[in-house]
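Next up: the structures, one after another.
After this come two complexes, each holding subunit A, first together with subunit B and then together with subunit C.
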Partner chain A sequence: MLSLFIYGVIQSVTLALYALGFSLTYGISGVANFAHGGLYILSGFIAWSLMNTLRLPIYLALPLTVVIAGLIGFALYWGLLVRIRGIPLAEVVVTFAAGIAILEFLVWIGLYGFYYNLPIFIKGGIEIQGVAVDYQRLFVLGIGVILAVLLWLFVHHTKIGLAFRGIAQNEHTALTFGIESDWTGALSLAVGSALSAIAAVLILPMGVLESTVGYEVLIFAVAVAIVGGLESIPGMIIASFIIGFGQIAVAKYIGSKWMVIVPLGAIAFILAVRPSGLLGKFKELEERV
Partner chain B sequence: MLEVKNLMVFFENAIALNDLSLEVEKGKIVAVLGSNSAGKTTLMNTISGLLVDMKKKEDRRGGERITLLGALKFEGEDILTIKPSLRVRKGIVLSRERHPVFRESDVVENLKIAGYLTEKHKVKEEMEDVFQLFPHLTKLRHRKAGLLSGGEQQMLAIGMALVARPRLLLMDEPLLGLSPAIQSDLARAIRDIHKKNITILVTEQFARPLMPIIDRGYVIENGMLVISGTREELADNPEVRASYLGV
Partner chain C sequence: MAEANLKFRRERLDRGIKARSDTIYVISSYREILYLLLPRVLPVVGLLVLPLVLTGYWGKVLIYACILGLLALSWDFLASCGMFSLGQAFFFGVGSFIAGALAKYLQWPPLLTIPVATLGGGILCAAFLSPVVRLRGIYFAMITLVGPMLFSRLIIATEYLGGSHGLSSLTPFTNKWVPPYLAVGALLVCLFGFRRIINEDYGLVLNAIRDDDRAVMSAAINIYWRKIQALFIAGSVGCFAGAFMTHQYQFVGPSAFALDYSILPLTAAALGGAGTFAGAVFGSLILVPLSEALRVLAGLRITFYCIVLIICIIGLPEGIFHYLQRKYQQFERLTEI
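Entry: the complex of A and B
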């Protein structure tokens, strides 16, 4: 029972990390970044290259990876999205295509199998009342929680964060106070990509670094975002926990190969009963019109 | 302070502003009167830069729907094509029509967002000034803006514009849809704002509640200037009396 709880929490935080960047970008700029999974794996590959090709130490390589991912997010906005901004279908097609291009490019240069992997931060682990947990999973837990808190502080208490809140709610009104929609849009993609890089360097060491994982990450991120209600951060966290615990329970009682059914089933279920998601925008409160 | 010269705005082939010229002198309260679709909002959006932004975004997608011609000068400098944020930095701030506030944020957060270009310690000061100007908002500090009444949202919208520290405040129909009592409250608030050395350009459909506080007025119809004059001249004009004062 305790192991179910511990691994449930860890799985939930992992899912939240997958979804964080995707949800943040969508919440601010309305761009559903379907290149998210591609960026995740690309970040892993960049980290690997920095450490193995350039021989940088891990404490330099990982922060640098996050910065590079941020710059790629920027480039994605100015290069591909700027002209089609505000046309949702075009945004989805373009980001999806970019994601596939990244993933297939990585396959093409040989990113599959066990040759590529990222190192864990510290070897070993601890036992919590008989349940073994390795340090890397504790890192995931700790950094996940810290990130969520920092992000909340950032969005609610810094100028840029407040600009994000403004532009997400009413672009034209935000413009009248000097907030720029292109600048915030580009920044939202940069921050989203950087967050996916953080997730990658934390989580990839516990699995394999290959393109198929990118598709999975995208499915998880989209599942969490849809179930929680697009653009609702509390909804996203609740959804992570529901799906995370669901997955661990399924793995334990039915079999781990069924784990991927949980997010897909959750999407289907939520779309059928509550299309705006658990805490989706329209349901949060009845507003005056 | 502000000079609009032969301004023309087209949406596709429809003309929204037609060879419009007007002037706002520093330290004055100037009204632009006009009925529905006269072009008031188009004028305000042109001055604040929203229209240039809209045009930029449409042009990027390949449209060529909006055409802007003429001259727009602020303190002698041509600002017709510069982006909205630069205009805010120069001190031109618009309070938009129908008080579109940030509905999911509470009152305080709305004011903070509006202070994006204002230094942090100044934002606090300005916020206190806003609560002094509209004491009614004080007890609503932590209420979500989407839940405020129309009048409260209008006060908030004006307060937000003030936090951005305007030198020229543009107000697009600030009295729209409010009860006569609140209208005269707000007219008084506008006069108080003006006392802080802020020049004001305000639009309305009806002149009556504004009449006591304005220095000058322009009447536009179908995007064209039809009458202009000082408050006294407008008050004596039979056409204005009939259409905009209701006497």
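Entry: the complex of A and C
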């Protein structure tokens, strides 16, 4: 029972980390960044290349990865999205296609199997009342919580964060206050990509760096974001706990191959029953239904 | 140069022959009848002759192109009713598995399995998606994206219907002329059928649902029921494609729900131009042979499709077909402002 609790919490925080970037980008600029999974794996690959090809030390390589991922997100906006801004379906298709293009390209250059993996920061683990947990997972837990708090502070108490929220609430009014819509959009995509890179360098060391993981990350991110309500961060956290505990419980009592069905089922259920998500408020009627 | 641009602008006018052939007087001249018939008859004759010319490998490519054309048509039909699908693979997979299961467990011949899979699959797809017809835009797109993934994982996890190994050694088509002509025939019937449906009053309502669903609701039309009907039609076409391919490959597995079958029809429709159906067929007839010619790229194929898709959406949003249609019907000239 305790192991269910501990691993449930860790799984939930992992899911929240996956979804953080996706949710933030959508919440600000309204761009559903379906390239999220692709960017996640790409950041993992960049980190791997920096460490193994350029032989950079880990404390240099990982921040650099996050910065590069941010720049890629920025470029993605100015290169592709700026031309189709405001046509939601075109945005979805373009980011979706960009994500798949990245993933399939990485498959093509040989990114599968056990050859590629990132090192764990802290080796070893502890036992909490008979449940073994390694330090890396606890580290993920800590970073996840810190990141969520920092993000909240950033969005509520910095100028850029307030500009983000202004654009999210009413683009035209924000424009009259001198908030540049395209720059905020690009920044939001950059921050979202950087967050996906942070998730990648934290979580990938515990698994395999593989392209197929990218699709799952996308499913998880979309699932959490939709179930929670696309623009609400508290909703996202609640949703990641529901899905995380659901997954661990399913893995424990039914079988681990059923795990991936939990988020998919959750999306189908919530879209059919309450399309705006658990805590989604605005954009409720006119856009969804 | 800048000044010249300021003083002149391009103006588009209908060609005289277009204006003349719009009315009943078209029958007064062979030239005008030809102008109307040529773009319709030429592709039909071409598609009917091609199976005779192409045999072996390229014959298979033609069949594949037709099947993707059917999926693209089904996508276009849904899109013209405001339902934007990212998961044509769902229809394809449902049709495949119905046909595969009937052929494997009940030993039905293709003559029976394909019609049953087409109709039954259409009903099943419409029933499965009926709770979400309320959704619009990207929310509908997301749920269609999730659908095929959910089903392929379910089949792998439950190990029903062959699980991850799939069902193999199913009954093939007996006559070698059946597959190409069945594929081409289905494509032509769907193409002209859909064009007809959309031009009827029925299609007018569907188009209106895409443009402004509130207005249609206020005209006391049940848009959800109409959307379910559209889902049934599009789903049947997708299921037919799946059932056909099951017998063609003599195999069905979770790969029937693969992303390829979602992204390729979308690319074809975007390349050819959405909304006319002819564009979707045109796109898949270009895209499939092109990708076969680029077979050296092997694993890069999906990347290639994605890049084509991105370029089309950003660079040529109207699609090739709309462009050609404009050139055929209109001419451009500079006029002074």
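Just so we're on the same page, the second predicted complex is superposed on the first by the 281 of 289 C-alpha atoms of A that agree within 3 Å, B and C clash if a C-alpha of one lies under 4 Å from a C-alpha of the other, contacts with A are read in each partner's own complex, and residues count from 1 in each chain.
Here is the rule we use: a residue touches a chain if its C-beta (ideal position, glycine included) is under 8 Å from a C-beta of that chain, and two chains touch if they have at least 3 such contacts.
The structure displayed is predicted, hence computed values, not measured ones.
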Clash or fit (per the criteria above) of subunit B with subunit C on subunit A: fit
First (subunit B), second (subunit C), both or neither touched by A:L4: neither
Partner chain(s) touched by A:R165 [first = subunit B, second = subunit C, both, neither]: first
Which of subunit B and subunit C A:H156 touches, first, second, both or neither: first
Touched subunit A residues, subunit B compared with subunit C: C
Subunit B versus subunit C as contact partner of A:L138, first or second or both or neither: neither
Subunit B versus subunit C as contact partner of A:I84, first or second or both or neither: both
First, second, both or neither for A:G178, with subunit B first and subunit C second: first
Subunit C versus subunit B - closest C-alpha approach in the superposed model, Å: 9
Intersection of the subunit A residues that touch subunit B with those that touch subunit C: 83-84, 287-288
Subunit C contact footprint on subunit A (complex, rising order): 32, 80, 83-84, 88-90, 92-94, 96-98, 100-101, 104-105, 107-108, 215, 219, 222, 226, 255, 257-258, 260-261, 264-265, 267-268, 271-272, 275, 287-289
Contacting residues of subunit C [partner subunit A, same complex]: 84, 86, 131-132, 134-139, 141-143, 145-147, 149-150, 153-154, 156-157, 259, 263, 266, 270, 298-303, 305-307, 309-310, 313-314, 317
Interfacial residue positions of subunit A with respect to subunit B in the complex: 82-87, 156, 159, 162-163, 165-166, 169-170, 172-181, 284-285, 287-288
Sites on subunit B touched by subunit A in the complex: 48-50, 53, 57, 60-61, 83-85, 88-89, 93-96, 100-105, 109, 112-117, 120, 144, 146-149, 160-161, 164
